[in-house]
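Next come two complexes built around subunit A: one with subunit B, the other with subunit C.
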Partner chain A sequence: MSSLEIIIFIPFLAALAIWLGAPARLTAVVASTVNLLWVIVLAVRFPAFKSATDLAFVNKHVVLDNPAIAFAVGADGVSMIMALLTVLVTFAAIWQIVDKPSMYHISSLLISGGALGAFLCTDLFFIYAFHEVALIPTFLMIAIHGRAEKEQRLAVAWKTTIYLGAGSLVLLAGLVWAVIEFSGGGKLTFDLVALRAQAASSPLPAAAQAPLFFLLLVGFGTLVSLFPFHSWAAPAYATAPTPVAMLHSGVLKKFGLYGLFRIALPLLPSGAQVPWVQQALLLMLLGNILVVGLVTLHQKRLDDMLANSSVMHMGYLFLGLAAGTEIAVKGSMLLMFAHGVSIALLFAICGRMRNQLGTLEMAKLGGIGSHAPFLTVVFAFGAFASIGLPGLANFAGEVMIFMGAFANGNSSSTLIPAQGLTALHWTVILALWGVVISAVYMLRGYRAIFQGTPQTGLFMSDPASGQWLPLVLLAAVLLAVGCFPSLLLDLIQAPLVPGAIP
Partner chain B sequence: MSVFNLEALLALLGLFVLLLEAFVPSVSSKALAGICMAGVAGVLVLLVTVAGGQDALPAFIGAYHQLDTLAIFYKAFALVITFLVLWLTLEAAPYLSKFTLDGKLGEMFSLPLFVCVGMMWMASAKDLVTVFVSLELVTVSFYVLVAYTRKSALALEAGVKYLILGALSTGVLVFGVAWVYGATGALSFEGITKAVQVGGVNKTALLFGVSFLLAGLGFKVAAVPFQMWVPDVYQGASTPTTVFLSVGSKAAGFAVLTRVIDALTVSGSMVRQEVITVLSIAGAVTVVVGSLPALFQTNVKRLLAYSSISHAGFLLLALAARDSVRVDLAPGGTVAFYLATYLPMTVLGFAALIQMRLNGRGEELDDFKGLAQKSPTLAFLITLAFASLAGLPLTAGFFGKMWVMLGLVDQQLWFALVCAIIGAAAGFYYYFRVILAMFTPEESTEPVRMGALARGVCVVLGCTIIVLGVYPKPLQMLLAKVPVAGKNATGH
Partner chain C sequence: MPPAPDLVTQSAPLMNILLFLPLAVALVILIGRKLLGVNVCVFLAVASSAICLLCAIMNLGVVGSETIRLMPFLILDGGKLLNIGIDVLHDGQSAGMMFIVTLIGFLVQVFSVKYMEEDDAKPRYFGALSLFLFSMTGIVLADNLVMMFVFWELVGLSSFLLIGHWFQKPSAAEASKKAFLTNRIGDFGFMIGILLLFGVNHGDVTFAGLKESLLMGPLKATSEGQGWLMTAAVLCLFMGAVGKSAQMPLHVWLPDAMEGPTPVSALIHAATMVAAGVYMLVRISFLVAASEMGATWIAGIGGITALMAALMATQQGDIKRILAYSTLSQLGYMVMAVGLVGMGGEAMGGNAGHPAMFHLYTHAFFKAMLFLGAGAVIYSCHHEQDIWKMGGLAKHMPVTTFTFAVGTAALIGVPGLSGFVSKEAILGVAWEECKWLFAAGAFTAMLTAFYMTRLFIVAFLGKARSDSSSHAMEVRLPMLVPLLVLAFLSVFSAYHFMEAPLKAMAVHGHGEGHYTVMGISIAALLIGVIAAFVIYRGREKDPLNIKLFANKFYFDEVYAVLIKVFQDGLAWLVTGVEHAVVDGLVARLPAAMVAKVGQKARLLQAGQLQGYTFLLGVGVLLAIYVIVFVLPGVGH
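Entry: the complex of A and B
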């Protein structure tokens, strides 16, 4: 039994124990702490354990022979980073649950276990399956414990269900197609390692890669709120209970990107570079950055603003995908982690504020900084990270993406032939304005809420001792990774893009 | 001992129970159910033990009756579902008996045995006449079963609808059989296979007959546009009968369809392309049309009826993509696999409805509210059943749907694939509504109780759903041996 299997099953077993009557908070906190420490230990020992195939801690139980499906676990550098993100956010999300029904703990654990399974399995069937498992508690929590009137939260839950359900079925069709395409004539196999090897040894012609890549882009993209399939995401995060908002926007949503970067890209390396796919992708990601960015500017409530900003920032990650250079893809991995940590931090604070203040209308808030200096500082960490301030984790990722994308612009297709700039160049230039937009809404929100004169009747206190731990942890990670991105990037040693422009 | 005697054995048992019930009024329904269930279980054991090395069939019967793996699978399937239906009848007896004329359930125990005999015989049918006769045995028994709880107005309505449409579809079927016979000069599947390969057959006449044949069978498996009767009949009939219709009758219909389609689409067949096109369109439309009304249902039993139509669509698509041999399943194997996964989840879903009734609750969505507090076990099992019906991975329902999708991609039936995706996505909505209702907290917390037997059987069904979803290898290996019937037929 591999350590990874135990890590995956700890949250499920803990959830089962709570369902059967174990004390909810104790069990959940113990499980998430054990997982956090264990994954950190594994990440530290990871380089020493890597095998020839760049996978560590592999193990495999065969489920079917043809098509070959196995419960196969194994971690490469990227899945190690994603696992770290998962356990970190899980720990914070569970720790900050206070005085809630045990369903909160069970759901958080199930989402966490599903995400870990999706990131640590190397078999397409189980990757897909674990992600689906994590979606069910998300729906239930939004529908039952969501923070809106019953009619409204049900509508949000159904919208999320239908978008994500349809998205994952499109994804399933894409995965099945990929399996048929890359099994190499013989037995079908869902083994991602084998499929990657086959794609590397006998790749499809670029034109043939395009439709499959596009199908996977729509499938995975819907899960990551790619414009124009994004309209479920903002209301879902604004409505979801805090731990679910943290876990879904921070971790589970990254599954779609993980799939695009680790399944679609290695199998179809030229897929995103085929002109029509690239142009479509560039338009969609500009939709994320600019259209959703402008929508975010107009939000009046903190939770709506954070939710929309989370959708908007996905655009940068899709830019990394469209660029397809090694440095941009590596930057995307870093940004996935950084965005997950920063958005979880912001949602955690947002949840506290909602509980204490009862309103998140930015116009009605103000001067919280004078009552709650600690929260103010931590929120600033999250907000500045989210803008992309140097020294915090998101910055390194964004810079790598922009540089990688601009570098590859030279070889990309020319959509608007003006002054030698290609479509990719123009997109980078336009996307950079997203940073400005982020700065405007984040700083404006920060000023409206934390600075100025305190509003009468609204009192916000710093968390009691013990409750600050998850916030400090997340902020510290943002700072550490921001100053030393190599902490994470060194985990990735094999090239991420087959035959990429370095 | 030859396997075909099993049907005779079961028919005798049915007659015995029928007479026992008529002449010994004091015998309790528990005893009747016990006898029937023991008999069915015994026959199942005999089938499994004898199936491997049965004697050659006597000549007079061999012309009409075959015993390939497919036949044995569907025989076992019929026995299992009959057993479960008998158990459900016993379980539901306390409230069902209020709706019968004499307050007893007598024939509700013997009639399923006759249905089972019909389904078993149908599984072995080698020609269209045998199909017709056994199908009639099944259908006529169902006419009685559907209307048995006749103090209920809904059941009467269901009975009349089923009778009229059943009779009509029988007529259509016979008409089709006659035309196929007229065109090919053969009634046996083997003969039809040869005739469509050789040529010299009037193609128009054959297609005319085939369309009526498929329409007749379409009624039985509830394919669009012959699905109109399903929601009313499923809702009106007593729940055990609904299960029987939804699982047993459908499986028997698909057993026959598999053989008919195998004969008609054998390589070199003159109607091959037409039949595949019809199947893929019918399947695609069935999936979508079956799913859409389900979106608006608030009655769970009716919802399951629409779900049953949608699943029939997936099964038709499995038949349409039957040329795909990428998975280790024979063409008929995909259908059989799907049905084998369909059985536990559907039975569990309906068993839950019976438990709700026994606890004085109805079958509306609102009756499921707060079930997670009142009976966590039952709520968990229902969640499992509905997640599986929706086709979530790690439950039984997923692999069936995935094999269908795999076949559709492999055969490049894109229209059907899109419809399958739409239907399955709609499924997320209407199945999750039930799950959501159960987990929604409710003020009143009077507990929902389950009997020990009910709990045991439901847990077994739930475990089956998980095992088939996580480790489907044994089932797949069993069905990998199902011979390609075309090959089988031409091999003789």
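Entry: the complex of A and C
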């Protein structure tokens, strides 16, 4: 049995134990702590263990012969980063004080286990299945414990279900197409490693890659709230109970990006560069950055603002995909991690504010910095990270994405053609304006909530010392990765873009 | 050029202390302020800045230049694919600038110990000051543009924290937000400029690499074949300087930044941070020289800022705002100098000495002095800042008045004082390159003499016009010592014994025309001073009333409208359209399905729960069905 299998099953077993009557909080905390420490140990040992194919901790149980399906696990650098993100956010989410411990903890653990399974499996069938497993508690928690009137939260849950369900079906069609296309003539296989090898040795012509890539883009993209398939996301996060909002926006949503970067890109390396796909992608990601950015600017409540900002920031990750250079793709991996940590931190604080203050309407708040200096500092960490302040993790990822759009490394030539800037470059410039937009809404929010004179009748206190730990941990991770991006970059030394110079 | 190994080992520890000691202090204060207590925090901050000052002094007189890697930052493939580090460029320019930053930083911290005595949040204040010193050091020492950008934004953060030190006060909170956001607009351009150079120069954005590339590399080809790209890069980088050095039209944040504690204004919003834009432009002066159009724009913006800010300064009543507009105006001089030197196509930079750097250096001392002097006055007058409610301070505060007079004399360019020498250097270049800008510069010099004399007469001479000024008392020694040290430097910083170790700052001999230039600027000085004496001597209130200047050319009002229309209005519009179109069209089908399936689910009478699982279950079942029954057939 591989370590990875144990890591995947610990959350499921803990959820089962809680369902059978084990003390909820204790079980959940122990399980998430064990997983956190274990994954950190694995990440440290990863460079020593990885094989020539860049996979470590591999194991495989065959389920079906034809088509070849196996419960196969194995971690490459990217899966390692995603696993780290998952256990980190799970730890913080479980630590949240909640009113119905068993229900909340079971759902958090199921989401966590599903996400770990999706990130650590190397078989397309199980990757897909684990993600679906993680989605179910997400819907249920929004519907049952959502922070809104019953009618409204049911509507939000349904909308989310329909969007994600439809996205998953499109995705399924795309994956099946990919399996048929890349199984190499013999029997069909869902083994991602074999599919990648086949795509590398006999790639499809670029024009033929385009439609399949686009199908996967729409399927995976819906899961990541790619414009215009995004309108489920903001209400879902604003309504979802805090741990679920943290886990879905921080971790589970990244599954779509993981799929695009680790399934679509290796199988169809030229797909995103075919002009019509690229143009569509650039337009859609500008929709995320500019349209949703302006919508975020218009929000009056903190939770709506954070939810929309999370949709907006996905645009930068799609920009990394559109640029498609080694620098940009590795930057995207950093940003995926950084965004997950920062948005989870912000939602955690937002949840606490909702419980204590009863309102998140920014016009009614003010001066919290005077009462709750600790929360103000950690919120500032999250807010400044999410607007790309250097020294915090998000900047390192964003700047690499931007740079990757302009040059493909020291050795090769410039990506700026003689006749002028390309559409990609103009998109980067508009995306940079999006960085200004995010600073405007984040600082407006910070100004309205934390600065100014304290409002009478509203009191917000710092959490008791035991509640500090997850917030401090997330903030410290943002700082550590922001100052030492090599902590994560060293895990992904192998090229992620097929055909790139190693 | 590979650095000599022995040099590296000698200066690397010094560089590490200079950069990381203030950061360490800031982190210790952030984490342990409750444990350590207020006094320990203050002591740590002041002591660390004293150590940094010592390190900076030991660094002076550096010959040549070397690059030292302190820390890797963004490294891919062992540096072959991407190689951006926290690397120090150790040369005359950075060593001289470090001396200015650490000296004024140290003096301001000493001054603050007394000035902020009764503040509740002293640890936060001194922690933020340390964070500022760290960030500023990073800008000064940076050897590549990305590292400079990193610290560029971090000084923005520390400025945000310090302007908003009294964040409970709405005006301070608004000012800190405005400062950060206005700078973000500048940084938008800065980043585009960096990316263009990154692209053109194949991922190398070190200053040395860019310089070499301009001589015989990809940049040379670009500047010859794609001049527009070169100009675009230079102007985009300049946009960063426009934000940080508060040039038109992004100058609006600096006067509001006076909401911060006055010592902060002295250090950050007068002497050092706002000069970072000029420092950066001098660092890339070889690029400016490669773009004629870029250089012209830079010189023009600098000249306009110098002139318009001086006009605004003539009608302000708040002592700090007068000084703030004066800072804008002087920064305009420096920026103009960068452009003018670039127009001459003469890449001065580095150790050769640059008139902009020279003025930055002398200005840092006398402007810090003036702000700390204003701080002493405000402290003694119980936080009164209106000069029309002061008056007669010379009798009560003789030492402060004396130092303020010295600072004023240096700023308006009385011959023999530092400000005169450095201003001459700039006007000399203007005389050679562009007579229009020379005229603007000379007129600005006259206005400077006018508004500073006005300030001095109204605040320090005559009779006290309020209780707070009639009860003012001279400040204590910890505040006087920094004033006296800076007053000494305001006089002597351009003299040979001071500037000799700071080679990068000194500029000598600017050819013929010198006597004409000198004559014109002395005439301007005299006209300004005499006019101010005639108009303001013995007045109770301002006899002049020029609305346009007093209201700062209505920039803030215009921007407020622009923000309302183009930002908030657009956001409102887009939100509406998004709801109507995207949610309406893309989500109409799903919404219809919701209604249908929702009814069915209710028909099942098993509550909502099963509905969701049912829907998902269908997906999974379908997947399994396809995989097990359909696909094997396809394979064969």
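Following the convention adopted for this analysis, the second predicted complex is superposed on the first by the 485 of 502 C-alpha atoms of A that agree within 3 Å, B and C clash if a C-alpha of one lies under 4 Å from a C-alpha of the other, contacts with A are read in each partner's own complex, and residues count from 1 in each chain.
Keep in mind that, in the parts below, a residue touches a chain if its C-beta (ideal position, glycine included) is under 8 Å from a C-beta of that chain, and two chains touch if they have at least 3 such contacts.
Since the model is a prediction, treat every value here as computed from it, not as a measurement.
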Scan A:Phe139 for contacts with subunit B and subunit C and give back first, second, both or neither. both
Based on the superposed arrangement, let me know which partner A:Val170 touches: subunit B (first), subunit C (second), both, or neither? first
Who does A:Tyr128 touch here: subunit B (first), subunit C (second), both, or neither? both
Of the partners subunit B and subunit C, which touch A:Leu188 in the superposed model: first, second, both, neither? both
Subunit A residues in contact: does subunit B have more, or subunit C? C
In the superposed arrangement, does A:Thr161 touch subunit B (first), subunit C (second), both or neither? both
I'd like to know which partner A:Leu37 touches here: subunit B for first, subunit C for second, both or neither. neither
Looking at the overlay, does A:Leu26 come into contact with subunit B only (first), subunit C only (second), both, or neither? neither
Would you please give the residues of subunit A that touch subunit B in one complex and also touch subunit C in the other complex? 64, 66-67, 125, 128-129, 132, 136, 139-140, 143-144, 157-158, 161-162, 165-166, 169, 172, 176, 179-180, 183, 188
Using the touch rule from the top, collect the residues of subunit C that touch subunit A in their complex. 30, 72-77, 79-83, 146, 149-151, 153-154, 157, 164, 167-168, 170, 173-174, 176-177, 180-181, 184-185, 188, 191-192, 195-196, 198-204, 218, 225-226, 229, 567-568, 570-572, 574-575, 578, 582-583, 586-587, 590-591, 593-594, 597-598, 608-609, 612-613, 615-616, 619-620, 622-623, 626-628, 631-632, 634-635
Under the touch definition given earlier, write down the residues of subunit A that touch subunit C in their complex. 64, 66-67, 69, 125, 128-129, 132, 135-136, 139-140, 143-144, 154-155, 157-159, 161-163, 165-166, 168-169, 172, 176, 179-180, 183, 186-188, 190, 227-231, 291-292, 294-295, 297-298, 326-327, 330, 367, 369-370, 377, 384, 389-391, 395-396, 399-400, 402-403, 405-407, 409-416, 418, 425, 428-429, 432-433, 435-436, 439-440, 443-444, 446-447, 450-454, 485-486, 489, 493, 501-502
Contacts from subunit A onto subunit B in the complex sit at residues 19, 62-67, 103, 125, 128-129, 132-133, 136, 139-140, 143-144, 157-158, 161-162, 165-166, 169-170, 172-173, 176-177, 179-180, 183, 188
Name, in rising order, each residue of subunit B that touches subunit A in their complex. 326-328, 376, 380, 387, 392-394, 398, 402, 405-406, 409-410, 417, 421-422, 424-425, 428-429, 432, 435-436, 439-441, 470-473, 476
